[in-house]
Every structure is written in structure tokens, then in C-alpha cells.
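In what follows, chain A forms one complex with chain B and a second complex with chain C.
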Partner chain A sequence: MEFQAVLMAAGGGSRMTDLTYNTPKAMLPVGNKPLMWYPLNLLERVGFEEVIVITTKEVQKMMSADPKIKQDVKMKLEVVCIQEDGDMGTADALRHIQPKIKTDILVVSCDLITDAALHEVVDLFRAHNATLAMLMSKAHEFTETVPGQKGKKKTAEQRDFVGVDESGKRLLFMANEADLEEGLSIRKSILRKHPRVHIKTGLVDAHLYCLKKSVVDFLTDNKSISSIRGELVPYLVRKQFSKTINGQKTKDDVEDQNQKKSDSKLHISSRDEPLLQLAQERSCWNDHRGDMSEAYHGGKLRCYVHIMDQGLCYRVNTLAAYIEANRLAPKLFEEPVVHPSAVTSERCQIGSDSIIGASCQVAEKTSIKRSTIGNSTTVKEKVKVTNSIIMHGVTIEEGCNIQGSVICSNAIIGRGADLKYCLVGNGQRIESIAVFQLKECVSVFVLN
Partner chain B sequence: MSLCEMTHQCKAALCMLLMNLTISNTRLQVTNSSCNFPDGPEKTGDIERIKNEGKELTKEEKQRLRKEKKQQKKNKEKKDEKAPLESEKEKKPASSSPASQATAQPPTQKASSGVPAPAPVPVAASEAPSPVDKPAKSKAELKAERRARQEAERASKQSKKGEVGQQAAPSKAKAPPSELQPVVKRLPEHIQVDNPEVLKKLAKKLERQQIPLRSDYGYKVSLFSHLHQYSRKAPLTQQLSIPSSVIHPAIVQLGLQYSQGIVAGSNARSVALLHAFKQIIRDYTTPPNEELSRDLVNKLKPYISFLNQCRPLSASMGNAIKYIKKEISNIPSQCKEEEAKSKLQDCIDCYINEKIILAAKAIAKYAIEKISDGDVILVYGCSSLVNHILCEAFEKNRKFRVIVVDSRPRLEGREALRRLVQRGISCTYVLISAVSYILPEVSKVFLGAHALLANGYVMSRVGTSQIALVAKAFNVPVLVCCETYKFCERVQTDSFVSNELDDPDDLIVTRKGKTHLEHWQDVSSLGLLNLVYDVTPPDFVDLVITDLGMIPCTSVPVVLRVKNVDQ
Partner chain C sequence: MASKGAKQSRSGSGVAGRKGTGDQEEEEQPLLQAVLIADSFNRRFFPISKDQPRALLPLGNVAMIDYTLEFLTSTGVQETFVFCCWMSNKIKEHLLKSKWCRPTSPNTVHIITSDLYRSLGDVLRDVDAKALVRSDFVLVYGDVVSNIDISQALQEHRHRRKIEKNISVMTMIFKESSPGHKSRCEEDDIIVAMDSKSQRVLHYQKTQGLKRLHFPMNIFHSGSDEFEIRYDLLDCHISICSPQVAELFTDNFDYQTRNDFVRGILVNEEILGNQIHMHVTKDGYGARVSNLLMYDAVSSDLVRRWVYPLTPEANFTDQKGQSCTHSRHNVYRGSGVSLGHGSQMEENLLIGCDTSIGANCHISNSVIGYNCTIGDNVILDRAYIWNNVHIASNVVISQSVVCDKAEVKEGVKLNKQCVLAYNVVIGPNISLPEGTVVSMHHPEEEEEDDDEFLSDDGEVGQSQDKTKQKAFNPAEVGAEGRGYIWKASSLDDTEEEELSQCLWGLVLNPDPDSDSEASEPDGSSFSSDPCAAVFSCAVFQIEVLGTLQRGLEENIGCDNLVLEINSLKYAYNINMKEVLQILTRVVLDFPFQQQGPQLTTPQYAALLLPLLKKWAGVFKNYVKRAQDHMDCLSAFEEYFLEQESHWGAMFKILMTMYQLEIVEEEIILRWFSQGATTDKGRQLRNNQGVRMRRQAEGHLWIEGHAGPA
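Then we have the complex of A and B:
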């Protein structure tokens, strides 16, 4: 077997607590499908037959209850449960499942919605015998107004600086603004080997990584690394140019040996190393030109990145991303606007960019535009829903006007309520003839 | 010769008769003369008389003619059945003198008409009067026999054609020659891309092996439309599932490396292939009720097809595969799996050691004898063997300098230049367009080879034959260095028949911000050709240095013969 897929679905959704305080992030409905269905679908389309899902007990329960996952996903899902409250990072989770890992792994995060061609990432991993290959995408501006947020101003998100070489494939350095104190410093050794570096900031990390098996073994020894994205990836990228890996292994110093022991796990040691060396020597190919070094500058550890410039790639970890994803996710799949089991009366207007979920009841004289209505929702007469996301089991009484809002599951909106750019939590109840609007960034959040 | 004359005479007589007679059916006239002999010699006389007299045929004679025609038809059908047998007999008699044949023919014809009993009687009858009426009947009989023989031959040819047409001929081009030669040679698939039948066969075969078919890309120059042309941006892995289950991951990796050019060069490709085979053998488990020697060979077939789709196999890879398959099939069935696997892996190591590493050492030893102090050596592109030789010579303190000739689009010479300069050898770098300017300085030319063909031609990177030609014009000795495992039993005299077309987009280059060829596909009259190999005739090559010694180019078939005898 070439790859084992690992889906990280234990994340808490710390950046959108409004939505996730009741529903775990992995099961948030996007386009009436649970969020984790999208990466599972991606893996299934590409040809995987088995996936290891790392998640919490709660998500596991919801997964087994969810019809979409049970029916549509044909792959074998091996669920590994971890503690919810424990501060288990993604790398810790990998360490936890290390006994199950037999080959190279493909790690995917549950909040990834993309239509990328995965073979581009995997081909880089295979062809260059890389240690790490990851997927990134050009970030798109979020155009929708987000309820509960001050207008269009973005929260001061820390930028990521990503340095790639001339070809745009080799990853040279990666740093987050938070880690940089004064300025961005690049090691001379990198510049000597790669005189032309392209530094990009507006990239979205898709959290899709191809890792060699030796990296997982390395993690078991180095227990200090707890997050893949935060610690492991920058470590690997830095180690590409580290002297201990590239230098000649002729020294027998004690400290060198100690270092070698910890780093030796990172070496790609195949049993026929001399043959591969011979093939590389005899091959007339070099990945760079202009200096006297051989291909890859003799480095054994290589990190590659595939940057998509076209196509969808979203990480649903903020409210804005969630709303954007709801807008665009239906376009990924050709599905009917109205679910066959929904009951809609003839005199309601349902726009073509809306989705009506299963077992819905939509009464007359309603207008639903650019919205997503979840399963088992009841919409009574004369309701206007625009630009909103309504989750499962919601009841909307007559005469409501909902605009640009997010209504979570099992909420009840009373008669005649007028909501603009609001976010209604789980199971809340809006009294009749209530008027809530977001004017000039006054956020309203109803919590009983 | 006399038969031909008689044929003409008969034809002339017939034409005359046609003109005179109201019966326009010429078949009657033909069958008239040929159905003479079944009825006996007396009819011959009648018709002869008529012809000679030129009178109209009476009603009775017309009826008789019609009857004879019907009988002739029946006889023809029976003749058709026995025609293949008769054709042999007819051919043999045809070679000997016709006069003595005349009497031999009618008996055989009579026999074939399905009347065996009276056959000996007419024989005697015909033989008896023949010496008596020889001058009078011989003409008519000869004519009749000749006509019968011609019809029999025609019938036999038709039946033969029917057999050949029924075969699913692999190539239309080969159908006419197959009638002349008894052995039908099959052309390999990869040089018949413009034949839709062959493509269909290939598609079926790949479907059976569950390997995706790689589609051709871009407009192909018409001279090379019989070869595949693929795009590097459309790798075969697009159509494979990502954890590849059908094809071993080592092979997928290798195929990718071939198609992207990461592993390039004959030796490198062979070594990488054998490395991948080692991994396959290591991961292989014999299924129950199967024998390792047979099953493993079958397992390798789809992998080889896959690699072929990624990049056409080189001659050295072909020889390596043949060797491995032979070794696998030679494993005795009593051998345990672990033992067999380790034995195979040792074989592979041994092969690489002997044929590549030690061969390189031996060739370097011979070649160093040819390098003297003060030499100016010209090399082309990046040949791993030539680089090895030059580095070894430099180690042995020979004083020489090197001129590296390079060509687009691969620009492999830069890699050769880097490796030589890194060792400390003083080098000059030119492009192939400057070869004739630089040759007056050169004392020797060392060339690498992709394969050595059985007729002494050297197949190498495109541009090699040009360099050899110019060197010949300047009287500079050309030495080709090639290991024996690259010797190929193929014969080729030009670079068109079998070659490799690389991605045409490689020719596109951006200079000063402008990419002129960016939209070359939109220009209908423009085609981009990126050839990979060419063949150099043996007249331009002075010496071939192999691990067996230094041989002239024309001794390649001898080496092949000796190799086959050894194996």
C-alpha cells in the first residue's frame, strides 16, 4: 500500500465558538452536509478505500447517526477516539496512532473543502522522494458580511510568510508573523543554494500533508512537537538546510552522534540506498543550475508545496469562511436545489442558488434566495429568507424576514421577527415581533 | 516461351471468332477451348475446324457449347477444392519443359475433375494418339492444358488470398509482402500510432491490465505521425487512484521520474528500473496454487506496460527486462519462496555490478590508453560513461582539455560541464551550431550511445550523427563508448522509423519577457518537433570501446552472436 489517509476531526473550532459551542466543528452543516463529509468525499473520489479518522466520542456518535456519512461514504472508516478536553495537538494525535501506521501518510483536516487535483501534491511527493508535500491555495477575499463582525474589517490575522524557489514547488522557509520579532530573517545557506526566493503571504494552508513514515517514527521520539502545522512543518522546512543532515557522516564525535540519533530518524533510509545513489549519479538531471552542486544540493530531506491558483480551497475555521463555504459548496456537486423529500408549496419562490434540505416544509408565499435551509426545517407563510444559513430542525413562523443571518439548529423564530445579520445560537427562541438588526456593526447575539 | 506465343495466337483467333460470331459471350469462347479435353480429342477437332473456317456456330453447336460451359463450371468448382494440392504439382511441372508437361497436365486435370476411374483410360488414349498426332493435336492440347493450368493457378491464388485476408493482420503495410515471404514479421506497436487498428488493440490490452491509456498531445509533424507524442503536463498518474493498488508504488514513482526527466540517461534508467524490480520482488508473495516462476513474470507485464506508457523503454531497459524474466523463469519449482526471492535479488545486484559498474571500469581502462597528453577531446551532451572515462583519465594524470558541445532543448551539456569542472578538468562550452568552428582544435571525439544496433549503427541523442559527420569531414577520430548490455538486435538505417518524440512544449522559451511560441497550436501550419534520438552510420565511427575490448562498428553482430551462444 502506498498511502494511509488520516482525517483529523477532533478540532474544537476555536475561532468560531458561536457555532461550535454546541455542535462539534466536524459536524457543522455546510450545504446540508456535515463538514467532514467534504474531505471524506475528496479522499473517496481520489481512490482511497480506508481512512483513519481521529475524533472525539461525541463526533463519533453523531457520525454513526448521520445519514449522509453512513450512506454516501463507501470507504472503511476506522475511528480513533481521543479525549476531548486534553490539549492534544495534531502531532500528538499522530503519535497516538503510530502503531497503526505502516506506510506513508496523507493527513487531511476535517474543515477542508476543495476540488484540488490531489495527484499534483502526491506527484511531487513521489517524484522527488520528498519528506513532506503540502497543498496551499491563493486566498480569496470574503465578500459576504459576517454577522457579529464589525463590517468589512478583518481581524488582525497573523500573516504567514511562505518562501518558495524559482520553480514554485520547493518549500524553502515558512514563518508566521507571530513568531517573528523584528523582521524576517533568511539563513545565508538557503540564499547560497537558492539565490532566487519568492516570498508569498496571501496563501491559505489547506492542511493537507503527505508525510513519510519516518516522520511519524521521528514524532514518537520527539515528544515536544505537538502540532503539525505549527511546529512540525516549520521544523522540517528548517531541517532541509541543516548541516547535520547534509554534512558528511565521517565525524564520530559524541555530540554529533547524539544529534545524529535524533535526526537520523528523519533520514529517508531505503534498503537499497546505494542503488538509488547510483541511479542519481548516472542521471543527467539537476533541479537547479548555476552552481557546482549536484541535484537537490545533496540534501536528503526535501519539502515541496503545490500552490493552486485556480479552483476552490477553503478551510472552514472562521465564521466568515463558514458562510463563504455555504455559498460555494453547492457548486461543487450537482445536486437538486430542492431535496426530493421536502414539501414545498407552489407559490413560493426558491432561488436557484439556494438549497432546501430533506423533510423540509416550506409554506406559501415564501421567498428563499441565496440561502441554505437545513433538514427538517419548517418555514411558514410569508417568510422572506435572504442570504442566510438555516440549520436543521429550525422553525420559522409566519411573516419573518431573515437577512444575512445564521440560525443554528433547533432554533425557533417567532412570528414577524425581523433579523438582519444576526447569529442565533442553538435551540434559542426569538420572541415574536422582535426586531434585531446589525446596523453599523452592533452585533446581537441571543443567549438565554 | 512457346506457350506464351500460343496463348497470343489463341487469343487472336478468339477475337476473330468473336467478331464473326453473334454470340457476344466471351466466356463461351474461353470455356469452349478449355472444356475440350474432358470431352476428348474429337471435340477439339470440331472447334478447331470452326475457328479455322470462321463459320458461324449452328444451333446444335451452340447447345453443345452451353452444355460444355455448365460442365466446365462444375469442373472448376471441383478444381478449386483441389487447387492447393494441384498448385504444388502445377508449380513443379511448370518449372520443367512444357512439351513433356503437355501430356502430364491433362491426366492431372482429369483427375481433379473428379473422375478418377476413366482417368487412366484417357491418359492411355491421349498418350497413344499423342505421338501420332503430335504436330496437329499438340497445339490445341497445349493451348487447352495451358488454359486449364492458368485457371487452376488463378483459383489457387484466390484461395490463398482468402486465407491471408481472413487473418487479423497486425499491419496493413505488411499484407502484400506476406504473400511473398512465408514469415510475417510483426511491427512493434509504438511505431504504428497512425494505424487505428493497432491503437485499438493497445487500448484493449491496457484495459485488460487496468492501466490508463495516455493520450497523444498536439500536432505531430507528418513524417513522425507514426510515433507517440505526450505532454509532460498530463502525467499518467492523473488517471490513477492515489494509493495505487493496481501498480506497485515503486513503479508509479519510477514512471513519474521517467516522464518528468528526473531519471534520464540509459544507464540511470536501467539501474532505477532494476532497483524498482528489487522492491517488487521483495514485496511479492506467491498466491496459492501458483508458481513463482510463472506468476512473477505475469505480474511484471502490466508494470512494464505502465512504464512504457510513461516513457518508451530504452534498449538497455529492454535487455535488462529480458534478463530478469529469464532468471525468474529459470527458478526451479522446488525452490522455496524466500530462497527464490533472495536469489533473484542477488542476480539483479550481480547484473548491475557486472554490466554497468565493472563494464564502466573496463571501458575506462581501454579508453585511457587512447587519451594522450595534450589531447583536446570533444564530448556531446551528458553521457554518464564518457564523463566517467574523462574523470578517470584525469585521476591518472593525463593532460587534456575538453570541449563540451550542447544543444537545445535539453541542454544536458551543462550538467556534463558541471561534473567535469568540479573535478578540475578545463573545459570549453559551445552549442552544436558552433561545432564546425571548433573542430579544427579537436583531436578526438568521444561519444556515448543509447544503443548499438545490429547493423553497426549507433543510436544516440539527437545531434550525435551530426557531430560524427562533421568530425569525419575534418578527419577527427570518433570513438563511441558503449557497454555490451546496450547492444540491440534491431536494425535501423534512418532516424525516422523508430524514434521518440518528446513534449513539443519544451521548445518554447521565454526571452526578454516574450514567449513567441506560446500559442503554437493555434497556427495551423506550424508543427513543433522535439526528437530524442538519431542513428549514426558506422562509416563515421572509427572505434567502439566496449567492455569486451575495442571493436570496429561492424563487429556488433559478432558480439551479439557470441552473447546469445553464451546464454
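Then we have the complex of A and C:
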């Protein structure tokens, strides 16, 4: 076994407004499948047989009840629960499962929907004997109007700066614009090693990481790191060029303490098996041109990134991304538009870009376009649904017009309601003939 | 659409502005012009350039300006303006004799001389004033050696100018050359930030002497999402300029160099709206001979044929008697070269006409000029021997320049980076140390004829008369030697001269900061500031001291003190361990802070003990885990290591701390048995300091070893 897969599915989805009020992010339906099904499927497709799923008790319960995960996922899922309110970061979670980790790991976030070829990332990891390899993708512009948000929300001006070398693979630095107020400053010695630095903005981190086992061991020694993306990755990227790894300095007690710390870092990097090292010495291969120094300039800690320029890669962590993902989900997998167990009247129009879930009932004279209808949902006569996401167990009474909205599970939409760009919370009831134009009505329903 | 509009407006308005008539024709086939600056406006080549302007110094036995002109001609320049200042007569004379001034020359050369030029800026202002250029022109220095085909860059430049009129004013030509490459000039080391898509220069900086390179944030706000930071570029000092460049120099009279200009344009990009673009060539060759190291590098590149088709045997200057033959190992021989028995011409060697070489010589990687005589058993490596030089037998020369008519007598050894200027005689039997420069000009004459920089060479003769009056020092130049050691420090101290102390320039340093910067702390290697941490600790210590003083005066309770210290901790971002160490230190130092350093040991102890009692609560709040106890003790130890004279009080303090349950017995014992890291620490534990003994009741006793307890 080369890799152990770890799925991080404990996140609450704090950026998705009220969508995750009742449903944890991992279980939000996307194309009538729970969100976490997608990364699991990704792992299964590349041949993983076991996955460690880090999640909360709540999600575990829902997982065991969810038919998709029970039937579709053939991998052995080893569910590890962490405290819900424990404020545990992703790195904390890794530290938590450290005893289970026997090999290098592949960490995936539960909100990743991608058709990326995973082997590209893993190959980088293998080829360069890297400490970290990760996946990034060009950021997408979300064009759909988002319920509850007036106009186009300005994307946050704080861009991530990612520096890669000439080949576009070696990760040289990462920084957020917010931390760079005083400008970007780079050590000359780094530039001497990597004279051509491409700085890219407008990339999203897919939160998919290959990590050496020693990184997990390192985490157990360094309890201060709590998040992979926020702390561990930037730390590793920086460490590539810090010389403490090779420096042998002992001074006073304070320095000693540092030394202890750097010993644990040393651990990260000195895992090169002697054989590999010998091979590198004997080989005439080199990773750079120009100067005559050894490959990688003797650096032992290396971070790589695969940047997708084509294909689909979404992180479903905002409402906009959620809607976009639902729109695209039918295209990802060839599945019948209408689930066999759904009952649809013959005199209704269902677009081929829609999905009708199991045991749905769709009555006459309805039209459903570019929408997802969840399981056990009842749609009565003369209902028009366009560009919307209807979750499970929703009842839509006659004559409703629903456009660009998200309706959470078990909601009831009263007769003749007209909803445009609305978000209807879990189990809410919309009065008959209510008209909600535009996007303001979110919290009204949820807070009730 | 935009270009269409521009075109229409152009034809609509007819002839544009100052360009005069015939604009329309030029639009189709503009005459390519060039401005060649045959002056360096600095004294890097002094004292060599005291007798000969830099542009005429021989490189591979051809004057440097000929390479530049050949480059311009081959790239399609039809009209060149050569601007000379220093020794303009010599340059003019040289050019008039050369093939460039023959009627058949495809490149018309105009020579413009003036003593008033003091910088590139002056020249370009003059270009503007005389309205010499009508369209885009190439700007080069007279010491650029290049074979780059700039036609593509020119096309791109024109295209950009067409699409966005008057936005892009300049295209700079760079050559790719990785750090560590020989032809990279350390003084001219640059970093460029560019927009990957539009090739626009966003940031341009000389990096010499910088360890950290800083990029202001505003360069990343240009709307692009991909940038490139390039440190693998060599500035060829070739730029394609629009006529606007000359105007901009006129508008900004403080622009002296091209560097000023580029920085000015980049900084004022938002205001003026002008942009600079760049073109990077992978396979061309282009370098400026800006110091002798570059001279060495370019010469050897030339002999190794990197500047093809400008090779020594090509005789592109078309001068009679300059032809030579090329044989393997890059050995070039002019006509009439005679070689003595047993002499070896190893490799990469150019020997000019009518030079004779004696027996048993070893010559490699060198260039030898015309009419030189070289004796027997001479070893030359990376030697640049100019014309009419006499070298006697048993001479060793490595990486040195010997100028015209110099004489090296028997048994002389020139170590690396020596320079023998014109007419110098050295020897016999002397070894010149590394970096020696010998000239017929006395260094002190420099001040007398400082104005000479402006004047033409007519006065040089005069000054030579003066120098003859001063005696040569045989210890420096040998018994029969003639010449003075040129001391670089005598150069005047104008700004640009700062780095030019050495004729040879800075040696390429493979990786100067990799070792010195070795122990960068955990902080980010991109924007860390190790000083800040130290600084904030120091401020924190002062603040804690202040808090405790106030606490004592106003009788503030321990809980409130803890609150205050905690808030300070956050304010200065200090970790727990440092808090503990600083707190311990401040408390121990407290009596001295209050009463002054003259306290005796018993006084000190008497003052400190009540304080400890008072603040035991504060300590207890911070000292919780075993590690905290250790930290506290190590701070204690550290403090007393500095206060040797008060070791007597130590046991009492430790005892009190133990009794107040600030530190635990076991930890004290562990600390004691842990062993010291320094000799002094051991002393502290053993000789002078404290001794510990566990008594039957299980109490810990700490006993003064030195004094009676």
C-alpha cells in the first residue's frame, strides 16, 4: 500500500450561509448525492480500497443511513469521529489519527468535486520524492445569481499568490495578499536557485494533498499547527529554503530549544532512503539548468503543485459554488434523468439537464428545467421549476413558480407561491400565494 | 477595433505632429536609426581609458565600437548617430578610417561630438533638441558586443505601438543567462518582474548587494493574474526606443542614465501612462563590457565563437592585415606569427599578426595583439596582451591585461587581475600581487587635471611630462620598471563611482549569502523579520518591569498584575516560555533597578525576599507544568551567570522560592543534576553556588557553600 487516503469531512460549512443550518456540509445533496460521495468516488476510481473518514458523529449517523454511500461506495470506510465543537483543525485531525497512519497519505477534503487525474499529483510526489504535493486549479467565475445576495457579490479582493518555478511544478511560495501589504519580499538566494519564478493569482487550492508520513509524525511533535491549509502547507513551503535543516548550531539554552524543534523538522526531510540518495548522486539527472550544483540544490524538503488548466475542479464551500456544482453534476456522471422509482406524469416536461430523485412524484403540467429534485419530493400540478435545487422530501403545491432558488429538505411550498432567487430553509413552510421576488428572504425563513 | 480607430484618426489628421513630411511613407518602411553612445560616462577603465577611450579598446584585437556597429548594421540599422565625448577625436579618427565611413556602407554613420555630454541623459536630450530621430531607434553603448537579431523584438515593439499609441515607449533586450553564468556581470545584476502575457516590465531593479528583493504590491495590480520574476536575465544594454524616449529625457532633466529613465517610467506609470516592455532572447549573445571581468568573459566567449558570426577570423572590420586563420581548439593565428621550438598553443587562443613567440611557451585562453614579442619559457593563461608588447623570457601571466607598448622584463610574474597600462615597464624579477594596476599616470595627477575628463586628449601629453618628474618606485615595478601603482582609492567619489573602486569589478560570488543566512529562524523566508521578535521581547521586558514597579507602588494584587502581564503578552506576541523567563529575570533584577547596582549581596537578598513573597502569586499563575519550573530555573541560572558577585544570595532565593512553592523540590533536584551547559554554569552549581541535600524528613535543604547559612 503506497498511500492511505484520508477524507476530511468534519467541516461545518460556515461559509454557506443557512444552507448548512441543519445539514452538515458533507451531506449536502449535490445532484442527489451527498457531497462527500464525490471525493469518495474519486478515490475509488483510482483504486483505493480503504479510506479513513474523519467526521463528526452527526455525519456518521447520516452516512450510515444514506443509501448512496451504503450502496455505491465499495471501499472500506473507516470512520473516525471527532468532537463537533472541539474546534479541531484539519491538522489536529491528522494528529488524532496518527497511530493509524502507516504510509504516506493522500488527504482530500469532502467538498472537492473534480475530474482531475489524480495520478498527476501523485506522480509529482513520487518523481521528486516530495514532502508535499498538492492540487490547484484555475478559479472559476460563478455566473449564476446567488439566492439571498443582491447583485453580483464582489469577489474578495484578497488574492492568493502562488509562486512556482519555471516548470510550473515546484511550489516556491504561497502568500495571501492580505499578508503582503508591504510588498513581496524574496530572498536572493532563492532566486539564485530558481531564477524564474512564475507568480500566479486566481488559483484555487483543491485541498488535496499528498503528504509524507513523516509530516504526520512531525505534526504530533508540533502541536501548535492546527490547520493543514492555513499553517502546515505554508510552513512546509517556507521550510524548503530555510537552512536550519542543514545548519548545525548550538548556542545557549534558547537556541537549544530551537534545536530541538529543528530536530523534528530534520525528521521530515531526512527520510530519503540511503538508496535513493545514492541514486541521485550517481545519476546525471538534474532538476535545474545553469549552475552546476547538485539536483534540488541539496534541499531535502520539496513541495510540488499540479495546476489543472483544463477540466472541472470545484470546492463546494460557498453557496455560489454549491449552485454551480449542482448545475454541473449531471454532466459528470451518466445517469438517467429520472430515477426509476420516481413517478412522473406523462404530461410533464422534464429537461435532460435535470435530475429527478428516487420516489419522487411529479404531477401533470409541470415543467422542470435545469434543476435537481431530491428524493421523495412531491411536485404537484402546474408547477414550474427552473434553475433550482430542491432537496429531499420537499412538497411543492400546485401552481408554484420556482426560479433560481434553493429549497432545503422537508420544506413545504404553499399553493401558487412564486419564489425567485430564494433560499428556503430546512422544514420551512411557505404560505400559499406568497410572492418572494429576488433574494432578500433567507433569514426570514430560517430564523422563523 | 482599437487599431482600426487609431489608424483612421491617423489618416484623418494627416501628418502627425512633429514628424514632418513623408510620414506616410515611413509608416511602410521606416528607416531604422540607432543612437550609439561611445562613452561610458564613468571611469571604470581608468587608468587604461586615460589614454584611449573605452570604445576603442581592443577586444579580440578589434576595437569594441566595431562590434557594436557591426551588430547594428547586421540587424538592419541604416543610420547611426555616434555620440562621443571623452577623446572624441580618437573615436572620430578611428571611424573615419573604418569601413563604416566608406561610401558603400549600408549603415550611414554620423559622428556627433560634444564636450558637454556628461551622461546618457544629456545625449538623448541633444537627440531630442536636434530632432535626429524620426521613428523608433535602437539605443546602445559603444561597448556592447552582440549578435542578437532584434528584428522580432522590433516587430513586437512596432505592433505594440500601433495597437496602443504612445503607450509602450521602450523595449529592453535581455539575454537568458542563469545565475552563476560567467557573462553575468555582478554589478549589473538585475531582477525584473514582468507580466507574463504582455511582456510588460513591472519592476526593474539592480540587485547588487541586496539579500532580499522587495516587490511593491502595486505592481501586481495590473489586472493580470500571472506574473514572472526573473533573475535569469542579463541586460544586454540594447533597447528599442520610440522617439518619445528622447522627449521624456528632455521633460525630465534629472534623468541621467537609462536606469533612471526605466525606474521613472515604472514608478510614474499610472500618471504618465507609459510602459516598458521586454524581449528575451535565448540563443543570441549580447553583453556589455562594463568592467575588466566582463572584458575577460566576453573575450573568451568571442574566442570560443559564441558571438558567431562575429568571430576573429571573419575579419568583419575588413582591415588589411588583420586576417587570421582558425584551427582546432579555437586557435587563431594571424599572418606572420612565428612560434618557437617546443611552444604549445593549447586552446582558445588568438594571436595577432607579426607576433613572435619564443621557445617552450605555454599559452592558453589568451588573446595576443599585433607585433608582440614573447620570449622563451613564458606561461600565459587568460592573458590579454594588446599590441606592440614585449614580454621577455620566464614570465608568467595569468588573468591580466597588458596594454599597448608595455614591456614585461625577465622573470616577472603577474598574478591574477593585474593591469599594465600603456607604456609601462615592469621587472625584471618581480612578482606583482593580485589586482595590481600599473600606469604611467601618477595617481595624484588625478586631482590636478580633474577637468581633463571634459577636455580632449590634447592635454594628455602635457600631463605625461609632469609625471616624468616623479620617480618610479623600484620596489613596486622592479629595478628597470617604469610606472606607478594606480591606487583605486584615489578616484573621486561621485555617486556612480561607489562600486567602481576596482577596475576588474566584483568577482562573481557563487552563493555569498547561503552560509551567512544559514540560521533563519522559523519565520517565513519570504517576509520574516527576526529582529522584530528580539525587539518585542526587549520592549516586553521593560513593560513588565514598569507594571511590577507600579504594582509595588500602588499595591496592586497579584491577580491584577497577572491580567496586565497577560495583556502585554498578547500585545507583543510573546509566548509563554518567554513570559516566564522575562518575568523571572525582571523580578530578580528588581532590587537593582530600584536601588542601583551598588547593592551588596546581603542587601540584595534582603530586598528580594519580600518581593518574592509578594509576587509568589504571579509566579504560581505562570509556573504550572514541570517544563515551566525548568524554564523558571533556567532563567534563574541565566540571570545569576551574569551576576557573579551575588552568587552568595542564590541559595536563599532558591530556598525561598521553594518554600513559597514557586518551584518544586523535584524539579530543583533535576535541574541540579541535569548538568550545566557551560563551565561557568558548572561552577555555579558546584564551587561557589549551592549544594543540595535531601534530609531524612524529606525536606529539601539548600545550603550556602561559601558563606555560613
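Note that the second predicted complex is superposed on the first by the 407 of 448 C-alpha atoms of A that agree within 3 Å, B and C clash if a C-alpha of one lies under 4 Å from a C-alpha of the other, contacts with A are read in each partner's own complex, and residues count from 1 in each chain.
Operating definition for what follows: a contact is a pair of C-beta atoms (placed from the backbone, for glycine too) under 8 Å apart; a residue touches a chain by one contact, two chains touch by 3 or more.
Note that the structure is predicted; figures quoted are calculated from it, not measured.
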Should A:286 be classified as contacting the first partner (chain B), the second (chain C), both, or neither? first
Classify the contacts of A:128 with the two partner chains as first (chain B alone), second (chain C alone), both, or neither. first
Return first, second, both or neither, reflecting whether A:275 touches chain B, chain C, both chains, or no partner chain. first
Which chain makes contact with more of the residues of chain A, chain B or else chain C? C
Using the superposition on chain A described above, determine whether A:102 touches chain B (first), chain C (second), both, or neither. neither
Have a look at where A:74 lands relative to chain B and chain C in the superposition and call it first, second, both or neither. neither
Tell me which partner A:2 touches in the superposition: chain B (first), chain C (second), both or neither. first
Using the superposition on chain A described above, determine whether A:234 touches chain B (first), chain C (second), both, or neither. second
Which residues of chain A are in contact with chain B in one complex and with chain C in the other? 289, 292
In the complex, chain B touches chain A at residues 235, 237-238, 240-245, 249, 252-253, 256-257, 260-265, 267-268, 271-272, 274-275, 278-279, 282, 352, 356-357, 381-382, 384, 412, 414-416, 418, 421-422
Chain A-facing residues of chain C, complex: 178-181, 191, 196, 207, 210-217, 220, 225-232, 510-511, 513-514, 517-522, 524-527, 577, 634, 638, 677
Can you name the residues of chain A that touch chain B in the complex? 1-5, 46-49, 106, 117-119, 122-123, 126-129, 271-272, 275-276, 278-286, 289, 292
Applying the document's contact rule, which stretches of chain A touch chain C when the two form their complex? 159, 161, 163, 173, 175, 177, 179-192, 195-202, 234, 238, 241-244, 246-247, 249, 252-253, 256-258, 261, 289-292
